[in-house]
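In this document, chain identifiers A, B, C, D, E, F, G and H correspond to the written order of the chains, with residue numbering beginning at 1 in each.
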Amino acid sequence: MTKPYVRLDKDQAAVLLVDHQSGLLSLVRDIDPDRFKNNVLALSDLARYFKLPTILTTSFEDGPNGPLVPELKEAFPNAPFIPRPGQINAWDNEDFVNAVKATGRRQLIIAGVVTEVCVAFPALSALAEGYDVFVVTDASGTFNELTRHSAWDRMSAAGAQLMTWFGLACELHRDWRNDVEGLGTLFSNHIPDYRNLITSYTTMKRGS
Amino acid sequence: MTKPYVRLDKDQAAVLLVDHQSGLLSLVRDIDPDRFKNNVLALSDLARYFKLPTILTTSFEDGPNGPLVPELKEAFPNAPFIPRPGQINAWDNEDFVNAVKATGRRQLIIAGVVTEVCVAFPALSALAEGYDVFVVTDASGTFNELTRHSAWDRMSAAGAQLMTWFGLACELHRDWRNDVEGLGTLFSNHIPDYRNLITSYTTMKRGS
Amino acid sequence: MTKPYVRLDKDQAAVLLVDHQSGLLSLVRDIDPDRFKNNVLALSDLARYFKLPTILTTSFEDGPNGPLVPELKEAFPNAPFIPRPGQINAWDNEDFVNAVKATGRRQLIIAGVVTEVCVAFPALSALAEGYDVFVVTDASGTFNELTRHSAWDRMSAAGAQLMTWFGLACELHRDWRNDVEGLGTLFSNHIPDYRNLITSYTTMKRGS
Amino acid sequence: MTKPYVRLDKDQAAVLLVDHQSGLLSLVRDIDPDRFKNNVLALSDLARYFKLPTILTTSFEDGPNGPLVPELKEAFPNAPFIPRPGQINAWDNEDFVNAVKATGRRQLIIAGVVTEVCVAFPALSALAEGYDVFVVTDASGTFNELTRHSAWDRMSAAGAQLMTWFGLACELHRDWRNDVEGLGTLFSNHIPDYRNLITSYTTMKRGS
Amino acid sequence: MTKPYVRLDKDQAAVLLVDHQSGLLSLVRDIDPDRFKNNVLALSDLARYFKLPTILTTSFEDGPNGPLVPELKEAFPNAPFIPRPGQINAWDNEDFVNAVKATGRRQLIIAGVVTEVCVAFPALSALAEGYDVFVVTDASGTFNELTRHSAWDRMSAAGAQLMTWFGLACELHRDWRNDVEGLGTLFSNHIPDYRNLITSYTTMKRGS
Amino acid sequence: MTKPYVRLDKDQAAVLLVDHQSGLLSLVRDIDPDRFKNNVLALSDLARYFKLPTILTTSFEDGPNGPLVPELKEAFPNAPFIPRPGQINAWDNEDFVNAVKATGRRQLIIAGVVTEVCVAFPALSALAEGYDVFVVTDASGTFNELTRHSAWDRMSAAGAQLMTWFGLACELHRDWRNDVEGLGTLFSNHIPDYRNLITSYTTMKRGS
Amino acid sequence: MTKPYVRLDKDQAAVLLVDHQSGLLSLVRDIDPDRFKNNVLALSDLARYFKLPTILTTSFEDGPNGPLVPELKEAFPNAPFIPRPGQINAWDNEDFVNAVKATGRRQLIIAGVVTEVCVAFPALSALAEGYDVFVVTDASGTFNELTRHSAWDRMSAAGAQLMTWFGLACELHRDWRNDVEGLGTLFSNHIPDYRNLITSYTTMKRGS
Amino acid sequence: MTKPYVRLDKDQAAVLLVDHQSGLLSLVRDIDPDRFKNNVLALSDLARYFKLPTILTTSFEDGPNGPLVPELKEAFPNAPFIPRPGQINAWDNEDFVNAVKATGRRQLIIAGVVTEVCVAFPALSALAEGYDVFVVTDASGTFNELTRHSAWDRMSAAGAQLMTWFGLACELHRDWRNDVEGLGTLFSNHIPDYRNLITSYTTMKRGS
């Protein structure tokens, strides 16, 4: 009657980054741009930190949608990059689906722009094929809150799990002892409040 | 346990526009009037662009509710137009249901004013008869957000899919290559941010 | 998999008004007081208009919670009125449950203060006994929006239908032709925008 | 001690449209894009309706800022158009100031993107030179509300009058009898609620 | 350097109600309709309670703006009522100004729809002629908050005092002992929270 | 042209607490009740910490307004307490003004319920008599934000300085070295975030 | 098809307080700090009032996360306290799970910081093991509302019941007659509006 | 009657950064932390870009307030850094005032934490001594919006100009031709929307 707890496993998960393009980003208005940029880069950093297979895709790079933002291109120089010639749902692109299958992973972490299309369509398609889908809600953006809530409702009702990048990182890491410094650095770089805690702490430690 | 992915198909879908009347529109306060007008006209344009069978209906046109807004009347001169003599739930009107059945479509895209009545009642009735129902949340309006959330909850729990006009257009179109210019024009006419992207792009293209 | 459409029927429905007391009302902060008062009185008027069996109950009238607001007392002089000696969940009070059973109705329309207690508890109890429950979200109030959303989630997940008074009135009435003037008066008395439509309309009618 | 009432006069006023460019518009996030577009076009229409001398200017059209939005270019084919080679404050551009002086007007209506720079700088400069300045607050946009309030405070303290396009139109028109249809059309084209009033009214008039 | 304290005096004050018409009210979106209706009726009741000379005026009653709302007409059957043939600023209408002068009052309490036009224009004109002006901010409405803040800034900078109906009533009444029951009734009828206090209080008094 | 900097001096300031009564507090809806309670108690604590002469007054304690909240009564057992027999503006009460004069202070710190009446009226009266007035905006509450902004505008335009309790404490204290522990305790008791800083700090100090 | 009504029972319930640490609390920004502190202390008081077995746990007390807030430590001097050496999900810590099992309770009331991690992870784990889980939404905090809504959706879909501390207290208490004074004191200490009701009530009782 | 236009001049301006300390930053809740961090770093970058004399100061670095955030320390290795031994108003510290005077600048750009104290106090003191003061509203933070608005009102009334970092940069730069790349880089590093414009633009340029 209820969704079972599908727990993220860093050996089972792959990351799909869909259409974070310089033009399309001007459509995102449900999250402040400073915060949104930070969330996307945090997701990018965590994908690399946990060495999750990551797939990049774009829609119509040569037109008004603009290119993939350079930070993501640089972060994943060897990742499969599938510029789609026209398919709006990335799952309709054979190369994309093949790239997903090639990872061998069954837990798909999806983020993109705009939420109700570039995220929701492949999420629904992947769910229909039996994948476990985790939507990164704070690294996905769209026109406004009304649209966001509609999209979340549709994806959640279809079985997707709604998470944010911080929750993903914590569920993947499991135990601080696996690497205190690595996770601490990830948080310090992307959570100003956390960085402040560390600054106060290390300053005192040094001083004492 | 979860809703399956029912994907919109332009050969399976019909559009029902319920009670967008000049008087009733003064009741809509959960969406800004400029935005709401744009959303309704965008839905109207996409219905025509995808040549979806469209049905118009009104409640008590001769009274304070006022007539159907002229833009919709002009957009669909040959569509079935059912001024209901009194039924609040359009699905209680035999002519309306017959018009729906005459389309032969099983995917119903519904928008109207006000959400919890003119949209929710026929949506729930259609779901009960086995139709797939897609509520256009941003082309449906009501008194306030509290009312909207109650109505969304009721419809979603009954199986309706909550979508916005942009998501509808993308899911119906499937692939930009089917007609780049047509879809681009639809977006340019109804998404100022997108129009700006196109203006910048085409200006540069011309200039280079 | 989804909730079926349980349609309100004025011959099947009863109204339960729980703890709208002069002291407790000072706790309601998720709805503006002007709007909340109007919603409660509208619900009261519709219960009388549709001649729905109505049951009043209060908690600790003699203490700081204060008495039932006089408007409700006056509106239902002959309704069962059960001042509970201590039970927080009205459904734990035998007299209250007996009063409900005595109506013979299986569709329960519940409103009260505060939402997560005085409404949610009897709603969950009634659902557990197989009643159909309709929560009047805009005639129920509580401390803040966080509390409201928690309470709505709990009730909706348990099978309750979330509605507002206007939706209730429309679903109960079914067809304007049953009584145009009666329903119009109800709306005119409680929806300023609607009253304005009627004022403009009747003024023009008279003038023409 | 207080600002005197400087009343707009259509024979004394000129309109300055500063940097409504396709790229810069993506920075505007304090007003919804649908509403902002409508406000700018309404201002454009009223400038033409009242035959106010209008001056267009842009900053760096050939770079990322993008060209002036085409609607404004088309609306004022014969207006002075000053693409500034680099000055951020339009008032630092001699051609711009000369164009203003050439109008012979002392009441300057200013709108632009972004508010605290493209509007505030020439507004403050013009005030310093003794002009009466009217800022069109709803046809000027910027990054967020915090920025907007800072900019409004600075301009108001310096003597600018904060107005919206609707107030401008009413103050310029003075009396409906000067041209009922003209002003009514302006409002109908840019205020959906007003258009609905007219639709209901004319439908009834026709019907009676 | 600062505004002096001009204190309202019930023998010096007059009330001007400008354009509260059934059509124009659909434009008011910066205040919830239930609250706005209550505020306007509270202002009407206080004008009568303090026997303040009151002047009613409307703009274009026969067109889409609609008639003055009936509640105000009924509340002031003998008040000067000036339907303006076309002047947008009521102060441009000679009859209106004469009616104001005929009261002999120098403190003008102004409310109307919409704030930046129907209130601000006569307020600015009256200030320019040396009247003390008190704007009833919560009985005046307009399109949105951006417009409201612009209008408030313009009026305040010109010397108007911004007040709400409750503050007006208290400043006019001066001392509860002048009439406890009268003022209490006014508050009880228009402030649900206050009515609840009175209900609890009188119930206990009776019971003790 | 601008207000001079009148700096608070603990030897020049007195505190006026106006009508924080158990009934009237139910009217306060522009600040959350948890936060408001904390702010009022913080102001009470700072008045005692700085040994500022403090005056308490209430309006109609025996009626529905209710008694002064017990915390304030207990905090100032020896302070002048003036239950006003009817005057709404405390400054109209001779005993109250005498109590103020008896302090010999010219800087008046005023807080109360509701802002636009119980605070604004004596503030405006005191300003008119040449006192320096500091309104404690976060220890004063009223019906809603619209009312608050109107009241702030009126008081600020008349020369009042708008401050919050934390700013008052800092301006009165001048230098931490005057008493680190005392001020730290005041902040720790009323600012949870500050208390957490101290907890982390002292824990580390102890541990090191 | 819907969640059954699992009713809290004070003999079946245990409370888990997860990571309310002085450093981590600076991350909580979806609830005002004054309100959040009050909610956590209210939950603590109710756990003691109902004598519910309570378990405390922290993550990395010696690092930047900071120690458990002292109020909780003092409230439960004899409760199991499990400082986790590294596990992020408390349920991954054997001592913690053993402590839960040792209570013999099957209804787990969970609150913590941050919601989507410290609350959601053990909540999902406990649900997976067949426990009934009640999330205290207002005593759990996180970065922002977007994160909160994602976390609520994930937990609710997995079967958790979302409640607030006031609802918990009422459902556990069942009947005021079990102890009027005890429950009244709990409410009076943590709900300012309720305290005011009691103050007014007892003052009148005493006076009469 | 109005404030004159004091225009920022990069040869007249100095920057004062007051108390951006790792502990105090946890008090800032009127601006999102991601955005606030970005604003402070942008202000830091612009101070260096325009080579403005910059002064750093802190309050009680060794206590719970924590050290200056490391980014600012690193950005200005040679700037005067005045850790105040206790003075809350930095202007009460002789070293600080001497450092200001040593710059020879009369235009002071001030930002800090918290707004109503660390910014407002030195701002008011500097204004009193005849300096021109520019408050960087978006690089100054405080507890909540109520506090912010009070602080802005006090500073603006005393003659301070409220600006944001972007406006500062534009007013200081005057003309893009002074250095297109330098200003463009500043904007690109701190305004994601602007960076996207540049990405799209340069990609197309390269491609054409």
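FYI, a contact is a pair of C-beta atoms (placed from the backbone, for glycine too) under 8 Å apart; a residue touches a chain by one contact, two chains touch by 3 or more.
Just so it is clear, the model here is predicted, and its values are computed rather than measured.
Novice: Report the chain whose CA-based centre is farthest from the CA-based centre of chain D.
Specialist: Farthest by centroid: G.
Novice: Which of these, A-B, B-H or D-E, gives back the E-G interface, meaning over half of its contact pairs coincide by residue number?
Specialist: Most of the contact pairs in E-G are shared with B-H.
Novice: State the pair with the higher C-beta contact count; candidates are D-E and B-H.
Specialist: Answer by contact count: D-E.
Novice: Taking the mean of the CA coordinates per chain, how far is chain C from chain D in Å?
Specialist: 48
Novice: Indicate the whole-number Å distance between the mean C-alpha point of chain C and the mean C-alpha point of chain H.
Specialist: Distance between chain centres, rounded to whole Å: 54 Å.
Novice: For chain D and chain H, what's the span in angstrom between their mean Cα positions?
Specialist: Here chain D and chain H have centroids separated by 31 Å.
Novice: Between chain B and chain E, what is the gap in Å from one C-alpha centre to the other?
Specialist: Here the centre of chain E sits 41 Å away from the centre of chain B.
Novice: Two or more other chains in contact with one residue: find those residues in chain G.
Specialist: Chain G, residues with two or more chain partners: 1-3, 23, 26, 32-33, 66, 191, 193, 196-197, 200-201.
Novice: Where on chain F is chain H touching in the complex?
Specialist: Touch list, chain F to chain H: 1-5, 7, 31, 137-138, 152, 156, 161-164, 166-167, 170-171, 173-178, 180, 191, 193-194, 196-198, 200-201.
Novice: Under the touch definition given earlier, write down the residues of chain H that touch chain F in their complex.
Specialist: Touching chain F from chain H are residues 1-3, 23, 26-27, 59-60, 63-66, 85-89, 92, 114, 116-117, 120-121, 124-125, 127-128, 143, 146-147, 149-151, 153-154, 157-159.
Novice: Would you pull the chain B residues touching chain H in the complex into a rising list?
Specialist: That would be residues 197, 200-201, 204-205, 208 of chain B.
Novice: Which residues, counting only chain A, touch chain D once they are in their complex?
Specialist: It comes out as residues 26, 29, 32-33, 144.
Novice: Of all residues in chain F, which touch chain G in the complex?
Specialist: 22-23, 25-26, 32-38, 62, 66-67, 69-70, 191-193, 195-197, 199-200, 203, 207
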